[in-house]
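Below you'll find the structures, each written out as C-alpha cells.
Note that chain A is present in both complexes that follow, paired respectively with chain B and with chain C.
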Partner chain A sequence: MAQRKAFRWHIMVFLAPAVLVYTAIMIVPLFGTLNLSLFNTTEEGRVFVGLKNFATLFGDPRWSERFWNALGNNAWFFLVHMLVQNPVGVALAALLSSPRLRGAAFYRTAIFIPTILSFVIVGFVWKLILSPIWGIAPGMLDAVGLKGLFAPWLGREGSALTTLALISVWQFVGIPMMLIYAALLSIPDEVIEAAEMDGVTGWSQFWKIKLPLILPSIGIISILTFVGNFNAFDLIYVTQGALAGPNFSTDILGTFLYRTFFGFQLQIGDPHMGATIATAMFGIILLGVSLYLFTVHRRLRRYQF
Partner chain B sequence: MTKTIRLALLASTMLGTAAWAEDVTLTVESWRNDDLAIWKDKIIPAFEAANPGIKINFAPSAPPEYNAVLNSKLDAGSAGDLITCRPFDASLELFKKGKLADLTDLAAMANFSDVAKSAWQTDDGKQTFCVPMASVIHGFIYNKNAFAELGLEPPKTEAEFFALLDKIKEDGTYIPMAMGTTDQWEAATMGYQNIGPNYWKGEEGRKALLAGTQKLTDEAWVAPFRQLAKWKDYLGDGFEAQTYPDSQNLFTLGRAAIYPAGSWEIGVFGPQIGGAFEMGAFPPPVPAEGDKCYISDHTDIGLGLNAATKHPEEARKFLEWVGSPEFAELYANALPGFFSLNSTPVEMQDPLAKEFVSWRQNCEPTIRSTYQILSRGTPNLENETWTASANVITGAETPEAAAERLQKGLASWYEPQQK
Partner chain C sequence: MSQARNSTARSLAAHAVLILYTAIALFPVFVVVVNSFKNRRAIFADPLAVPTADTFDLIGYRTVLAQGDFFLYFQNSLIVTVASLFFVLLFGAMAAFALSEYRFRGNTLTGLYLALGIMIPIRLGTVAILQMMVASGLVNTLTALVLVYTAQGLPLAVFILSEFMRGVSDDLKNAGRIDGLSEYTIFFRLVLPLVRPAMATVAVFTMIPIWNDLWFPLILAPSEATKTITLGSQVFIGQFVTNWNAVLAALSLAILPVLVLYLIFSRQLIRGITAGAVK
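Up next, the complex of A and B:
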C-alpha cells in the first residue's frame, strides 16, 4: 500500500518571498498594462474598445509610420550591438585569458568600469566629447591630421543612431567580456592540454576547442543584448531628448513609448496608446526570446567535464 | 540622489511641522528651475514677512519633464499645493479633469485684462483657473560691441537682416547667429514663432487658422519656413549637434553676434556676460519697409491651485498676493524678461527688458500660433512644428514639404481645417 507523500510545505515557504515580490512588482503591473491597452477614454469616461488601439497603432499611417520607424531603428541598434559589442567582447576575453598578457587585471577593470557608470553620465560625457563647439573629438582628430573626418555626428540624420549605438557598445562591452572570460577560465586545463598533445594550438585551438565550449555563454549574451536593446531608452533620452532627433532618426521603441505614455511638451500623455505600444514591445521581446529558446538554445550542445 | 534629498526634505518638513505645528507649508510646483534663487531670496521672504504662519516651498523640476512629472504627481496625489500653469491646453486639460481648482472668484482676477487671462480660461471664457504671472516676448538679442566694431546697425527689414548677416559672415570674427537644431524647440520657438507673426499678421492669421479660413500651406505660413531655410548658412560649424545651452554660451562668451531669443534670456545672460560686452535687441524684421510689425508676446506662466490641496485657504491667500501689483513689481524686476500681465503698469530697471517691452507700443502682439486649441489632438501641432522647423534649417525637408506635412497632420483631427 503506497502511502501518499506528505505535502512538502517548506518548498512553498522558500519560494514565497520571491514569488510574492515578483508578482507584486512585475506580473501584476504587466497584466495591468496589457489590460490598459484594451481601453480608451471617450466622453463617457473609460470604455472597453477591444483591439481598436492596436488597429490605430498599425493601421493609422501616422501612428504606424512612427512605430515602424522606431522598430527599424531599434533593429539597427541591436544589429550594431551584435556585430560590434559581442565580437569585441569575445576578442577581449580571449586576449585577457591569454597567460602571457601582463596587467590583465588592469585592463579587465578599465574595460569594465564604464558598465557601472550611469547612462546619464555616459550620455553627457559623450555628448561633450563629440560636441563640435567644445568637444575634444575635433581637436584630437586635428592633432593626427584627420580634421576633415569630423562631423557633428550626433546631429546628422544619417549617423546619429549608429553613433549612439557605438556609445552604448563602448559602455557595455565589459559585460560580454566578463561572461566570456569566466567561461574561458572554466575550461579545464586537461582539455587544453589534450588539444596541445594533438597539435591543436593558437588560432585553431580557439576556433576548434574554446569557441564551441563558450557558445552557450554567447547565446545567453545575445539574448541579454536583445532584451536590453529593445527596452533601451535612457541613452537616447539623455542625449537626444524625448523627440529623438534629428527628425526621429534615433527614435526607438522606448522613446516612442515615453512620448506617448507620459506626453511631451504640449502633447498630453495618452496612457492607453502608451500601454498599446508597451504591449507591442512586450510581444516583440517575447517573440524574440521564444524564437531563440526554441530554435537556438535547445540545439546548443553542452559539455560535461 | 534626488530621492535622498527628497527624503531628507520630507524628514526635515516633518520635524519642522512637529516643532512649529501652527505653520502651514505650501509647495509650489514649477518648471522654472532657473528661478530657484529668486524665489528663495526675494519672493518667498517678501510673502512670508507679510503672512506669518505660511511657509512657501518652491520645488521646480526640469522644463522638458515638467508636464509629464506634474501629470503623474497629480494622478498619484503627491503634487504640491500650488501648480505653475503652462498656458492653454496643458492646463485646461488639468482643469477639466478636476485637478486644478476654479479661481474665477479670486479678487485679484480683477487686476488682469481678458487677453492676459485667456491662456487660462475655458473656451467660453467663463471660468479662470490660474492667476496670470508673466509673458515673454520674442526678438533678437545682439552683441552691441560686435556691431560697433563692424559698423553695423540693427536691421529693420528682412533684406537688411540678411545683408547684415552676410557682412558678419564675411568679416569672420563672429559667428553670425547662435542657434542649433539638436534640441529642435530652439528652431521652432526662437525661429518659426519669432519671425512668423510678421508674415501671418499676428492675431489675424492665428484666428484665421483656428477658424479654418487659412491653411498652413498658405504663403503666410510657408514664408517663415523659407526664411529659416536661409538661416543655415549663418549658423556656427556643426550647428546640427549644437544644443540650447551651447547656443547660449556661444553668445554670452562673445563668439556669436546675434542670438534669436526669447526675453526670458535677459535675466540669464546679464550675469553670465558680466559686463564683458553690452547687449541690445531688435524686433523680428518685417518683410518690406513700412510693413506693420507683429511680435510674439506670449502669455507663458500662471499659477493655479491644486484642487486636492489640504490648505486651500492659505493657498488662496498666496494666489491673491501673486495677483497683486506688489508681486508684479517684485517679479518683473527680479526676473527681467518676464513681463507682468498685471493691468497696473510696472516700472522696470533693466534697459534690455525695457527695450523689449517698448515694442508693444508700435507692434501688434500675438501669442504663439500653435498653443491655443491647435495642439489638442494627435499629431500635436506644436511638437510637429519643432521637428519641421529643425528639418527646414538642416535642409532635411523643404519649406513646402514641411508645411504640407503640418497641414495634413492638423487636418487629420481638427475639423475646421478639414473643409
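Up next, the complex of A and C:
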C-alpha cells in the first residue's frame, strides 16, 4: 500500500487518439479562428488590429447592415422552428404513444424519413414542388379550390425565409417527435394509473401529468434546435445560392460567413472578416447555451421514478 | 358502451392525423421518384400520375450516368463515411472506456473538455481548418474530410459510449484481470462486444451528418476527383436546372442509397434515440 502505483500507461493510450484528433482538428482551429479575428491584412502583411474588425462588423454600415439582417433572419428562422417544429413534434409523439395504437412503428419510420435526407435533396425537391413552372403546388391548391392562395413563395422577399424555415421544419420534425416519444414512453404506468384513478384522463392528463414530465426533453430539443439553426447553411445555399436571395431576404449567419470568408462573384474572400463573423457566431451560440444552462435548465424539475 | 365508442373515435382520429402527416412527410419523395421515370411531357402534363407504358422513360437516368461521374462521387462518399466512422468508433470507444473505467486525476475535466464539442459546432473553426489544410497540403484530399469528420463525431460518441460502458459489470472485468488479461484485452475482448448495440447507435448518428454534409466538401475538397455525392449532386443539379428529367433522376439516385440504409437500420436508430433520451 505504501508503494505508489506505477504510472498507468494504458489510460494514456486509450485517451490519446481521441484527445489528440479532437484537439488538433477542432479546438485548435476554433481558437485559431477566434485569434484570426484580431488580425487584418495590410500592405505590410498580417497586422494585429485588436477589436477593429468587430468595430467594422458592427459599425461600418456596409457590414453591419448585412450582419444585423442575417442575425434577424436567423432569429426568425429559429422562432419558426420553436413555434412549429416543436409543437408539431410533441403532438405527433403524443399521438404515437397513445396505448394500443396500431402501426405506430410504421408511422414512426415514415415520419422520420425526411430527417435522414440531405439538404441538397430536400432543398431541390421543395424547389421543384413549389415551382410555378411545374405546377404541383398550384395544381393541388386548385383541387381544393384555393388556387388564389398560390404565389412563388421562394421567390418573394416577404415569404422566402418563412418558406425555407417551414421546409427545414418539415425535414427535422422527426427529431423532437422521437425524443418526446421516448420521454413519454419512459413515464411509468403507475403515474398514469394514479392519474386515471383520480379521474384525470385524455387532454387534461396530457397537460397536467405528461407535459410537466417531458419538459426537460423539450428543453434539450430547444437548445439543440438553437445550435443547429444558428450554424445552418446548407438549405439556404442549395435553394437560394450563396447570395441568399431574393435581395438577401434569406441570408442567415452561415451564408453570410460563407460569402465573406470564401468570396463570391466579384467580392474576394476575406479570412479575417470571416473569422470575425465566426467569432460573433461563437459568441451568440455560447450566450444562448449558457443562458439556457444557467436559467431554464436549472429550474426544470427532474423527476426520478 | 359510450366509453368504448369514445375510444374508437379517438383512435380513428389519431390514425387520421398520423396518416395525414405521414402523407406530408412522404409526398415530396414520392413525387420526385415517380416523375424520374417519366418522359418530359408526362412530367408536366400530369405530375401526380404513376408512369404507364406510354409515359415510362429512362432518359433522365441515362443523362445522369453519361454526364456526372456519380460512381466516383458515390465511392468518395463511401470512403469518407466508412473511414470516419471507423475512427470515430475506435477512438471514441477507447476514450469512453478510459473515462468510465479508471479513476485518475483530470477524469471529469477530460470528459467535459471532450463534451464541449457537442454544443459548439466545428464549422466555426472553418477558417483556421482551411488554413491548416492548405499548409499541410491536404486540400482536395479525402484525408482532410476524414480528419474533420472524425473530430466532429468524437464528442457525441464519447458521451454516449461512456454512458453505456458504465453499465458493463465490474465483476466481469475483474474476473478478466484475475485471469491475467491485460487492460487492452479486457477492452477489446470483453467490453467492446458488450457495447455493440450502443456502437451501432453511435454509428447511425455519426453517419447521417457525414454523408449529408455539404459545407466541408465544398470548402475543403471541391475538386472533381474528391467530390462527395452530396456536393456532386448539388453541382450537377445546378448545371442541369432546365433538364427536368436529369434533375429528377439525380435526386432519386441520391435518395435511394440513404433510404435503403435507413430502412435496414431504422430499428437500431429508433432504439438508440429512445434509449438515450430516457437517461
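Observations on the model:
One rule holds in what follows: the second predicted complex is superposed on the first by the 285 of 305 C-alpha atoms of A that agree within 3 Å, B and C clash if a C-alpha of one lies under 4 Å from a C-alpha of the other, contacts with A are read in each partner's own complex, and residues count from 1 in each chain.
Following the convention adopted for this analysis, a contact is a pair of C-beta atoms (placed from the backbone, for glycine too) under 8 Å apart; a residue touches a chain by one contact, two chains touch by 3 or more.
What you see is a predicted model, and the numbers here were worked out from it, not measured in a lab.
Of the two partner chains placed around the shared chain by superposition, neither chain B nor chain C is touched by A:299. In the superposed model, A:247 makes contact with chain B only, not with chain C.
Of the two partner chains placed around the shared chain by superposition, chain B is the only one that A:157 touches, whereas chain C remains out of contact. Residue contacts after overlaying the shared chain place A:178 against chain C, while chain B stays out of touching range. By the touch criterion defined above, A:14 lies against chain C but remains apart from chain B after alignment on the C-alpha atoms of chain A. The partner of chain A that touches more of its residues, comparing chain B with chain C, is C. Once chain A of one complex is fitted onto chain A of the other, the partner contacts of A:262 extend to both chain B and chain C. By the touch criterion stated above, A:134 is placed in contact with chain B and with chain C alike. The residues of chain A shared by its contacts with chain B and with chain C are 134, 262. The touching residues of chain C, when paired with chain A in their complex, are 10-11, 14-15, 17-18, 21-22, 24-26, 28-29, 31-32, 43-44, 47-48, 87, 90-92, 94-95, 97-99, 102, 104, 110, 113-114, 116-117, 119-132, 147-148, 150-152, 154-155, 158, 182-184, 187, 208, 211-215, 219, 230, 233-234, 237, 244, 247-248, 251, 254-255, 258-259, 262-263, 266, 269-270, 273-278. Residue ranges on chain A touching chain B, taken from their complex, read 62, 127, 130-134, 151-157, 240-243, 245-248, 262-270. Looking at the complex, you find that chain B touches chain A at residues 64, 67-68, 71-72, 86, 88-90, 93, 180-185, 236-243, 246, 249-250, 370-371, 375, 378-380, 382-383, 386-387, 390-391, 394, 396-397, 409, 412.
Within the complex formed with chain C, the chain A residues making contact are 8, 10-11, 13-15, 17-19, 21-22, 24-33, 36, 88, 91-92, 95-96, 98, 100-103, 106-114, 116-122, 124-126, 128-129, 134-136, 139, 170, 173-174, 178-179, 181-183, 185-186, 202, 217, 223, 227, 231, 233-234, 237-238, 254, 257, 261-262, 271, 274-275, 278-279, 281-282, 285-286, 289.
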